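One structure below.
In order of appearance the chains are A, B, C, D, E and F, and numbering begins at 1 in each one.
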Amino acid sequence: MKMITAIIRPWKLDDLQMAVARLGVQGITVTEVTGYGRQRGHSEHYRGSEYQVEFVPKLRVEIVLDEASSEAVVEAISNVCRTGKTGDGKIFLAPVGEAVRIRTRESGAAAA
Amino acid sequence: MHQEDKKRTKGGSWLTRGLGAMLLMMGPALALAQEAAEAAPVPNKGDTAWMMVCTLLVIMMAVPGLALFYGGMVRAKNMLSISMQVFVTFSLLTVLWVVYGYSLAFNGTGQWIGDFSRFLLSGITADSNAATFSEGVVIPEYVFVAFQATFAAITTALAVGGFAERTKFSAVLVFAVIWFTFSYLPIARMVWFTEGFLFKAGALDYAGGTVVHINAGIAGLVGALMVGKRTGYGTVAMPPHNVPYVMIGAALLWVGWFGFNVGSGLEANNGAGLVFLNTFVCTAAAVSAWTFGEWIFRGKPTMLGAASGAVAGLVAITPSCGVLSPGGAIILGLVVGLICLWAVAGLKKSLGYDDSLDVFGVHAVGGIVGALSCAILGHPSLGGVGAFESIGPQLVIQAEGVLITIVWSAVVTAIAFLLIKVTIGLRPSEEAEREGLDTNEHGERAYES
Amino acid sequence: MHQEDKKRTKGGSWLTRGLGAMLLMMGPALALAQEAAEAAPVPNKGDTAWMMVCTLLVIMMAVPGLALFYGGMVRAKNMLSISMQVFVTFSLLTVLWVVYGYSLAFNGTGQWIGDFSRFLLSGITADSNAATFSEGVVIPEYVFVAFQATFAAITTALAVGGFAERTKFSAVLVFAVIWFTFSYLPIARMVWFTEGFLFKAGALDYAGGTVVHINAGIAGLVGALMVGKRTGYGTVAMPPHNVPYVMIGAALLWVGWFGFNVGSGLEANNGAGLVFLNTFVCTAAAVSAWTFGEWIFRGKPTMLGAASGAVAGLVAITPSCGVLSPGGAIILGLVVGLICLWAVAGLKKSLGYDDSLDVFGVHAVGGIVGALSCAILGHPSLGGVGAFESIGPQLVIQAEGVLITIVWSAVVTAIAFLLIKVTIGLRPSEEAEREGLDTNEHGERAYES
Amino acid sequence: MHQEDKKRTKGGSWLTRGLGAMLLMMGPALALAQEAAEAAPVPNKGDTAWMMVCTLLVIMMAVPGLALFYGGMVRAKNMLSISMQVFVTFSLLTVLWVVYGYSLAFNGTGQWIGDFSRFLLSGITADSNAATFSEGVVIPEYVFVAFQATFAAITTALAVGGFAERTKFSAVLVFAVIWFTFSYLPIARMVWFTEGFLFKAGALDYAGGTVVHINAGIAGLVGALMVGKRTGYGTVAMPPHNVPYVMIGAALLWVGWFGFNVGSGLEANNGAGLVFLNTFVCTAAAVSAWTFGEWIFRGKPTMLGAASGAVAGLVAITPSCGVLSPGGAIILGLVVGLICLWAVAGLKKSLGYDDSLDVFGVHAVGGIVGALSCAILGHPSLGGVGAFESIGPQLVIQAEGVLITIVWSAVVTAIAFLLIKVTIGLRPSEEAEREGLDTNEHGERAYES
Amino acid sequence: MKMITAIIRPWKLDDLQMAVARLGVQGITVTEVTGYGRQRGHSEHYRGSEYQVEFVPKLRVEIVLDEASSEAVVEAISNVCRTGKTGDGKIFLAPVGEAVRIRTRESGAAAA
Amino acid sequence: MKMITAIIRPWKLDDLQMAVARLGVQGITVTEVTGYGRQRGHSEHYRGSEYQVEFVPKLRVEIVLDEASSEAVVEAISNVCRTGKTGDGKIFLAPVGEAVRIRTRESGAAAA
């Protein structure tokens, strides 16, 4: 199994969720994060003070799924989350050894 | 002096009230129990009701108003720290006001400071009345004591915004007591007591442009310089952690400020109506000016800006609310909105001080604009109702009041901070500061989920 | 007209006051300086104090009350956007009210609109007084100007809730200025000025059910339709981001509304007591009704519901607070709580419009219920103290007032939004809307941790 | 009785007012419409304005004040639950007060309870007036009804803090109705009605130390014991989820409490000034005492502590605000700040009850300290203005009042909770409690991001 | 070493913590997340509006530990976090290559 | 590629960010978390109540980078985040199979 970790713009979540649901993804876990990347560098004003904003709000979306579907899902995510402007985010894939559904004790792909 | 005042207000035309209010501001201090007994005027219940309302409005300005206005602007890790500084300073000084502040500010005959004869309000009873600016009109002295207590307490609480997020709680409290005693009390006396230097000079300050705002603004600036910058200032982003709190705070300041300004007239009369409307519309104009100013000069209009504009407008109208026409108040609001925007942006940046919550840029600068505006927009030729002859000389008097306040406040603040530095110390460890004052000074976190 | 009114109130029985208040609402406009000088009545300080309190209560309703009530209901990314819309609209219109609004609404002789003779309040001084509904009783005109300013400013701010979360800040401000000028001012005049069409018709509206609530509610609805739905409406969940803010906002609206309703009587007299108690108990009943209604019909009683119920009750009692008995006010509260619950649930769903913050469902619907209730629960046979003969004809008059307001407001709103659409545009880009108006329109985020 | 009172206040010296206020507290109940018609005194507009202000201040104490003070202290998952309990209890009881509460508390002749002759306020009109403590001075009866409604409603809302975070909403509402009817109404009558047992005994309670605070505090404690501890109490950390809300709440309580205490005098007169100042300075002293007490005894001064200190001070000054000197009020504040700190820390820990929001530790304990302080600090030998002869006997009378309230409230609360337990049940399922009452009882979450 | 990532109901945290502590687990990192899974589908009302609630609040609990103990810990977590109703959550296991304790520079199992 | 997950004291973020930027790290994702570890055990007071505080606020910092640079980065992080007192935190390293830059569809090391 794989865990897809996508760092995306917060307002793209709805699109992402609909896109992956269409591919049969049944579970998603979402975390509010802040990200530092190339997008940094714009400055914000607070009254008079001007600050370099280094960290911008992002969402981290995690999906565990079998390896077979992972490519299609990565593809779908990068399609819907792309605006073409810096800050669109990244997708990382990492191996997952085991998955357990707490409610049923099912494990493996059935639990993803 | 009192005689002369009476003559003036007797003149009857409301036009003289602008100046009258200033010159008579210390009237209450003369209303000793005996005097009241002779003439035996009874407080009008409408006045009494209004003055109690005004007093609680100023309390609301401080807690929760100022605590939220300031609290929203600091980082989450210092939210409780600044709230505590406002809350406890306000409380402590209220107690000290009753213990010796009122006696020193409004009693005795000294021209810089009073005496201790009303220590713990001795000699005052529920039957005592304080004179107002109209002959034969009095209010209960206890109400006057409470009203003035709020001024003393909130002024000191304002000043702490200058060195927020990096000063030890103990240092803040010690500063508050010293500064209240040696800066607030004498300046209040100088400006509002008949024998005070500035009072004699004829300086106009309806509700505290010098005594409150310039005084506190300078203390904030000097404090900021003496305590030093926040760790990371200039390199690390220090955005306000909760702008809605800033909005709520500014709004409550706006609402409460009617107590501050209108209450300074001590009566619910026709003159109060002018002060009320001026306070309302100058603030509204300053909100608009800051908003559009930011939009034009910085690209986007911000909530933080609109809230700051409100406070700038309120500060500026404070000394002049009794002498401007509503049209003049609109002009003052537009002008001060833009000037304070410049002060907290351009000026602050070029001078490089770290006045955390812009006490100087908003209160001192806005207070100066307001104090000077009395002499200009307050002149009848510009629609004002001030009772002075011509603009030039009055401007000089106003400037004199401003300068004396600046110097006095700066010296007292500098000495206070020096003393604290060499005794209990000013700042927590850098690690404690970076981790946040809430956990380190107060053992609490503002938010849990 | 004025003569007749005087006769009525002279009749002495408080029972006639209900209607009297309506018919006389424009009285103040007649209190020209000269007239005041002749009779030379002096304002009672209790009245003056009370009217200043009422004015600042309405300010508190708007900022922070309405800003929080609305702000809590939007998503976090639009918190500052809606706060700014309320804060700046309120400020800007306060300035415009002093510049030309008061002159157009309460001066001149036109039956639809006044003239510019009091541009920038020219001719008014601190000595000017405004008449009240009691013969020989006056209040300082500046206070009357300030009190009425808050009505104009908050009404327009209310309307923006209909098209929140999707309209450009610039569009909102342009709408506000147009709508204030062409809808609020004429309707205020029609209903509250002696020569106004609705005034002549005898429509009862104590504190602004038509002028304020139906007017704003219709503007919100028409605006919602013209701006279009929020992106994702119906598919994406748009829960309120901070229900405690909604609670605080509703509570401050409740507290402030006493200024709104009781202040509309312009005096701190016995009649004020009835209006006060009605405002209190109708709201309490509506909270209870919405709470239990939700519990029964939707399974669980929610805080958002209780807060909405409070506002529904306040809206409904606004026009009728002077003619109902406390028992009648309880009945009205129970009824309007359930009707508005149905309006924002059933009605809204079946019609499918996206009135973001239910300005229509609560203010227009509640206002209509309240306006009609005057003719029913206000009748002496049902315990009311209204001075009209029978229910039927009065109901027709009330309905007429409601309909004219609806049509007028709808037409002005539609034209305003059309103009904005073809000039500066109504909506930000879809991307900006989805990302949130706070960052895109104001360059700020509400919360940082 | 009434006669004697009149004699006393006629004596003229304000010194007698302390006791006079207590003894006359029920005066209003005698001001029947006929009586008013005979003497035909007209309310002073200053008094009317002030009493309306006081009423809305107490509303603001409850919503949003108490809702925030309590809400900030619970965990985020119960924020709406406690808010709803305060908001709906307050609303529901306001309605019931108008329906039968006022009639039972302030009408008829019974010494424990009144009758239903003013059911739905029948017989009261806008012309009805209620007597005050000064001969010939009246206020509109509707205003008196509204003012007293807020006392009844907030008292019951206070009690729910004792068993917060674990009681079903339905159980809370049923408790509220039972307890209001069988505990609040009789005790209010006993203490404030001329024929009441405690009234006759000469117990001093200016604004509700027994009726409101001890009464509510005991109900909170008994409720806490009967409902049982929160799941996880003692093992799981239950920190306040939003200390700034606690601060805002405490500040609004402080501001609103002036309505509570000063309003209890029913006039805006000189005596009001003393009550006002005492309320101000006792609270400020208690804030200071709790802050420094925590600093010394627990290592760090907390915002939660300062806020708690404010409420402790306010509670303690409630019964005694009319008989203490400002110096006495400072002493009381210092003492009660430390005693309540001990009560919520030491006492609570050693007894092991789970009074979630320290209703007992702050309101009952603070109320007892305040009630007893009347007899000590209120004595002229200690600077007080109480009209009783010597400290000892008065202390016995005060203790008697305290004890009767404790027993009465405890019994009614115990019976109420027993009844609820055997009928609809007191607690949600453990799972629901752990998940949070907001989602389970109200289908909402306080915050979304 | 392994990283156990458990997505659980928020109010189960205390139970989980006590259960794993009993097994000798010395460190836990907890994140507030929102999850989309089978539990979705209940609707909430906001005034009149009725919404499908897609994302519900969950906690993500992460524990790094040696492989030997991982099975027992997974077992313990699924025991205490089970209610039997949809939404109980999932447990994922992934490999961890290295662990470092910042304070002491210890690494490997000693750092977990 | 590797994913570095560091659990650190919140106020060390600025130092960390500057330190790793100097080593050429171009992207960081930060999450607010609460951690249970040895640091637990201090007690807090709420009015009278005294609680054992089990969970303390931490930040989780994630950096995906090629294996070559990971050692230096781990070193840098542990240097700047060390205070020597309990609670300094941990660093975990885990394998990442694939990385995709959403904006450009670049993948592999170019996307990290």
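As a convention for this text, a contact is a pair of C-beta atoms (placed from the backbone, for glycine too) under 8 Å apart; a residue touches a chain by one contact, two chains touch by 3 or more.
Predicted model, so just to flag it, every value in this text is computed and none were measured.
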_Shortest chain-hopping distance from subunit C out to subunit D_ = 1
_Selected pair, greater C-beta contact count between C-E and B-F_ = C-E
*Go ahead and note the Å separation of the Cα centroids belonging to subunit B and subunit E.*
53
*Hey, how far is the Cα centre of subunit A from the one of subunit E, in Å?*
18
*How big is the gap, in whole Å, between where the Cα atoms of subunit B centre and where those of subunit D centre?*
34
*For subunit E, what residues touch not just one other chain but two or more?*
31-32, 44-45, 54, 83, 94-95
_Sequence positions of subunit D contacting 2 or more other chains_ = 44-47, 49-50, 53, 239-240, 302, 304, 443-445, 449
_Each pair of chains that touches, named by its two labels_ = A-B, A-C, A-E, A-F, B-C, B-D, B-F, C-D, C-E, D-E, D-F, E-F
*Write out the stretch or stretches of subunit B touching subunit A in their complex.*
73, 237-240, 298, 302, 304-305, 308, 341, 343-349, 358, 361
*Can you name the residues of subunit E that touch subunit A in the complex?*
2, 6-8, 31-38, 54-55, 58, 60, 74, 77-78, 81-95
*Taking the complex as given, what residues does subunit A use to touch subunit C?*
9-11, 14, 44-45, 57, 83
*Give every residue of subunit C touching subunit A within the complex, in rising order.*
77, 232, 235-236, 431, 434-436, 443-445
_If we count contacts the way the header does, which residues on subunit C are in touch with subunit D in the complex?_
14, 17, 44-47, 49-50, 53, 57, 75-76, 239-244, 247-248, 250-252, 254-255, 258, 262, 267-274, 276-277, 280-281, 283-285, 287-288, 291, 299-304, 306-307, 310, 325-327, 330, 333, 385
